[in-house]
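Right after this note come the structures.
Next come two complexes, and both contain chain A; in the first it sits with chain B, in the second with chain C.
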Partner chain A sequence: MAIKKFAVACYDDEEVLFPAVKKVRNSGYKLHDVYTPFPVHGLDGALGLKETDLHVAGFIYGITGTSTAVGFMSWIFCSDWPINFGGKPHWSLPAFIPITFELTVLFAAVGMVLTFCYLNQIMPGVKKHVFHPRQTDDLFVVALEINDHTNEEEVINFLKSTNAVETSIQVAESEWWFGRWDKKEPYELA
Partner chain B sequence: MHLKYESFVREPLVDGDKTYHQVTEDIISPIEKKPGRMWYVGFFFSVTLLLLGVFSVFWEVYYGIGVWGINRTVGWGWDITNFVWWVGIGHAGTLISAILLLFRQGWRTGVNRAAEAMTIFAVMCAGQFPIFHMGRVWDGFFVLPYPNGRGPLWPNFNSALLWDVFAISTYFTVSLLFWYSGLIPDFATVRDRATTKLRKRLYGLASFGWTGTAKNWQRHEALSLVLAGLSTPLVLSVHTIVSFDFATSVIPGWHTTIFPPYFVAGAIFSGFAMVQTLLIICRKILGLEEYITVGHLEAMNKVIVLTGSIVGVAYLTELFMSWYSGVLYEQDAFKWRILGPYWWSYWAMMTCNVVSPQLFWFKKLRRNIPFTFIMSIVVNIGMWFERFVIIVTSLYRDYLPGSWTYYSPTWPEIGFYLGTFGLFFTCFFLFAKYFPVIAVAEIKFVLKTSGDNYKRKMEAIDAKTTEEFKHELDHAHH
Partner chain C sequence: MTERFEVPARLRNTSLALIAVGVLVLIIGGVTMLGGHDHHDKTRFWLVLLQNSVFFLLLTVASVFIQAAASLAQGGWIVAYKRVPEAIGANVWVFGVIAGAILIFIATAFDVDGHNTIYHWVHPHGDKILEGKSAFLNKEMFIGFTVVAIALWSFFGRKFRALSIAQESAPKNSTKIYWTVFKWSAAFLLVYALTQMSTIPWLWIMSIDAHWYSTMFSWYTFASAFVSGMSVIMLFVVYLKNQGNLEIVTKEHVHDLGKFMFAFSVFWTYVWFAQYMLIWYSNIPEETTYFKMRQHGPYSLIWYSVFIINFIMPILILMARPSKRNYFTVSFMAVVIIFGHWLDFFIMTMPGPLGGHWVLSWYELGIFAGFAGLLIFTVSNTLSKASLVPANHPLLKEAMIHQS
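Let's look at the complex of A and B:
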């Protein structure tokens, strides 16, 4: 939890956003984040973000599901309560395949979605600062982190030179917190 | 220079001159307006049906399963027919959202949200039937492998019916997660433009606090891709396992290896028909004709004619195999299907599923909306009869002529079936009112490649020869 000062620039097209992001990264200002209304391909590369490892997590969850299913069914039918089904072997692996497959998918999907929410720090009740109400509509927003020593006019002029359609200085919470979206936060009222 | 390029052979996926903001406006504004009179009429009609269903189920639970028309010979009647029918309908949603994503079919973006919603509601309806078919429904949790005081005695993991429990519940969970993860960014869009406090609060909760940072989107893309990869074999497995309910038995007409592919094709066939029925109404009422275009409907009609033909081939293969097997019981099972007292159900199935979809080979009919609407209902009637034929007409004349019988449903069975329509449409009406019916972010993502106005901008480039274009491009870079 930390209230910080931001210089915000809004762009109205991803084609303007890319050169702007390049300039911002070269300018020496501290880039807080970039917000877009839809996934912009190549933006993660332009920002120098690493590829996500979410799919690796998914694989691990899937394998966990596979071994849970096979292990559980094997233990039940071979050790805990062996039942003779028409003289068939207790350890009837082919008959275990459907449930094993389903649990693999179930574990992978549930695990991945929970990991996704954890990594992105999202869940019902979470609130984050929205720099521009149209950042989920049609604006591409770049937020720079500044402090009291930054020359605000200079930052704004710089952002305007990158073809921003709208610029502003905002004081806002930089992390997430629990809150209601229909209520204003103390820092917003100040 | 913007170099996202899509061939002109492909028609635009979004008609009209759309900007990003216009897309948001078109899709989100129905949520913010009061619903029209048609919505109220439809919603209350659905709730009435739902209440009828609740009453029918109450009657069955209170007096026992004897109030249904099923008997010792025909142990599975309308209940399992409806179960398979609803599960099958659910398959189109996952096919559209998952398999077509992997196949990079751009047209899925216009229809996937509604189709996935339909999947979830259809699976909810399907689930009711095996649960209440149990009779003593309060013991239904016995199907779950939990440490119990009876030994612990576990369920039989070798049983196709138990596989079904796992398949359907996994399918429901994964579809729900897939659907909801796509909805999160769109809920954030609704939240950020909300003007009333209540809407801001509720969509704030529903959006999980999504703000759309670059990293969040990167993870979102990775999640969608992997969930699509998981859902693809999942959707095929679900109806395969449903078909195992029959195929692993020794009933003539059921004991056959063709069932899994035949059931999956039939499921996609009926599911796409239901998507057509819903979307043709939806696009009209919500004014989304520019997003769900005739091109979208045509693409789905192509899937219908393909899967309908696969189903037709499967019917003929079944007939051939029953004769070729040389087994008297197999041969008779099919003879009674075609010529026995239930002949009308077999011929209804054949006409609706095999003959009528062939009309979709004509492009004019594929793009004709009233015709598509009628066909979508015909196909679903046909697919209901298919399940009825498979279930009832395999059972009513079994090995012992002494136990041959005729089965008709009683009012609680019919009421139960109508009740699931009530459940389905109640959910769908609420969805159409309160949820973004089209995936807003995904449409914006394809807008510049497939939007009408953006495609037209490419016409100048398209007119050039490759050499000219390359020359200019090289020039632009130096």
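Let's look at the complex of A and C:
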């Protein structure tokens, strides 16, 4: 939980957004995040985001699923409750494969969804500051992180020079927090 | 924007040398094996030819299939290196003629002391199971399906190439040919479904073990052929890139081709295992004999190698993103996958007629080299005949800015 100060600029077209993002990155201001109503192709490259490690996490979850399935079934059918199925050996690997496959997929899928939610700070019943109500509608919102030493007038003028249609200074929580959507935010907007 | 490919002398000489090795091995094999008295040798001579010609034919037809599938799905990324599958597809007829001649010879004229040791359904007399199957499994059906399938595949392979070249001289921004290809692609998928994905593997390969049958078999053969076909396309693309051609093909396209190699290796394993597991589970003697011979019998070494080469290696090596974007890893894995699926075809064909008398030696590898040389020779020749960039194609721009 950290309350921070942001300079926010809104753009009404992705063709304006891309040069603006480029200018912001060259200007030396600290870019907090960009919010768009839909996934914009190539924006991750323009923002200089590095490749996600989500698939490494997926691999680890998958391997966990595989070993859970094989280990659990081996324990059940060999030591805990051995039953003779049609004269097959107790440890019948081919019969375990489908369930092993399913558990691998299940662990990888569920684990990756939860990790994705954690990385993106989204979850049911979790709240995040919205910089502009139209950021899910038709505006592209760029948020810069600033502090008390920043010359606010200069930032706003800079953002206006990048063809922003709307600019503002906001003091807001930068992380997510638990709370319902209808509750008031725990601080006043500046 | 055009880009020409000249066949380098080194490539031409290598391919001709490989063909020479194949022909030499064929002659030596013919003299020593057909001239001898060992009936296993006579069977081996024809069986290896059958295995290799069918493997290479199905692998080239897979190139026609990927073109048709991509056209129907309106996939743009394949357009960047479209000429490669086209050139492979345009040479289906070469392998078709060879495979057709070998198959029809084996079904009609092959004879060892009054027995057809490869297709023993040719003489079903007294065998209740084969007599029951004889409405489908007979010489006329075999020849009919073989000729029709090969003719259709060759026709479509050349048709797609001709249409694609006609697009170059078509008026700018004209989509007429694009939609013509779309229609022909739909027709080809129907043909492909009724031949390669169902009847043809039954007749050509599964009927070697005529008493046994599996409903997964054609899918399993298709998976094998398709993943090796994608690997061949990958090898040609990487080769052309190394020669300084195909400038519009980037790591993004190679990455997506690598995904195909990876995904269809897993698909192959899925079908391979599905076929195995159902038979293992139900444990019916007339079905399990097929795997008894392969898994526990004289073929167990190849059986487990096939599993390791075609599943464990691709899944471990090709899973990571950087390895699919590395030209060395993908071309190395392409060679490994082609060899692995060649071994898979080996284990589909050999056990029935030869049993424990199988050999994997100079003759088998020599014939493989000959066919590989023929593939390189014909395809590189066709590639040099037209521009490598399908100019005027409506999706060319999309292909160039493709990101995987």
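By our rule, the second predicted complex is superposed on the first by the 187 of 190 C-alpha atoms of A that agree within 3 Å, B and C clash if a C-alpha of one lies under 4 Å from a C-alpha of the other, contacts with A are read in each partner's own complex, and residues count from 1 in each chain.
As a convention for this text, a contact is a pair of C-beta atoms (placed from the backbone, for glycine too) under 8 Å apart; a residue touches a chain by one contact, two chains touch by 3 or more.
Model, not experiment: these values are computed from the prediction.
Contacts of A:Met112 after superposition: chain B is touched, whereas chain C is not reached.
By the document's definition of touching, neither partner reaches A:Ile63: not chain B, not chain C. Touched residues of chain A, counted separately for chain B and chain C, are more numerous for B.
Touch criterion not met for A:Val171: it reaches neither chain B nor chain C. Contact with chain B, but none with chain C, is seen for A:Phe72 once the two complexes are overlaid on the shared chain.
In the superposed model, A:His55 makes contact with both chain B and chain C. Of the two partner chains placed by superposition, only chain B is touched by A:Leu103; chain C is not. With both structures placed on the common chain, the touch criterion links A:Asp80 to chain B but leaves chain C unconnected.
Overlap of the chain B and chain C interfaces on chain A: residues 51, 55, 95, 98. Residues 15, 33-40, 43-44, 47, 49, 51-52, 54-55, 58, 62, 72-73, 76-77, 80-81, 83, 85, 88, 92, 95-96, 98-99, 101-103, 105-106, 108-110, 112-113, 116-117, 119-130, 133-138, 176, 180-182 of chain A are the ones that touch chain B when the two sit in their complex.
Looking at the complex, you find that chain B touches chain A at residues 2, 19-21, 24, 145, 151-154, 156-158, 160, 162-163, 166-167, 170, 173-174, 177-178, 181, 184-185, 188-189, 191-193, 197-198, 200-201, 203-206, 208-223, 225-227, 230-231, 233-234, 237, 241, 244, 440-442, 444-445. Chain A makes touch with chain C in their complex at residues 41-42, 51, 55, 59, 86, 94-95, 97-98.
In the complex of the two chains, the chain C residues touching chain A come out as 273, 276-277, 280-281, 283, 319, 321, 403.
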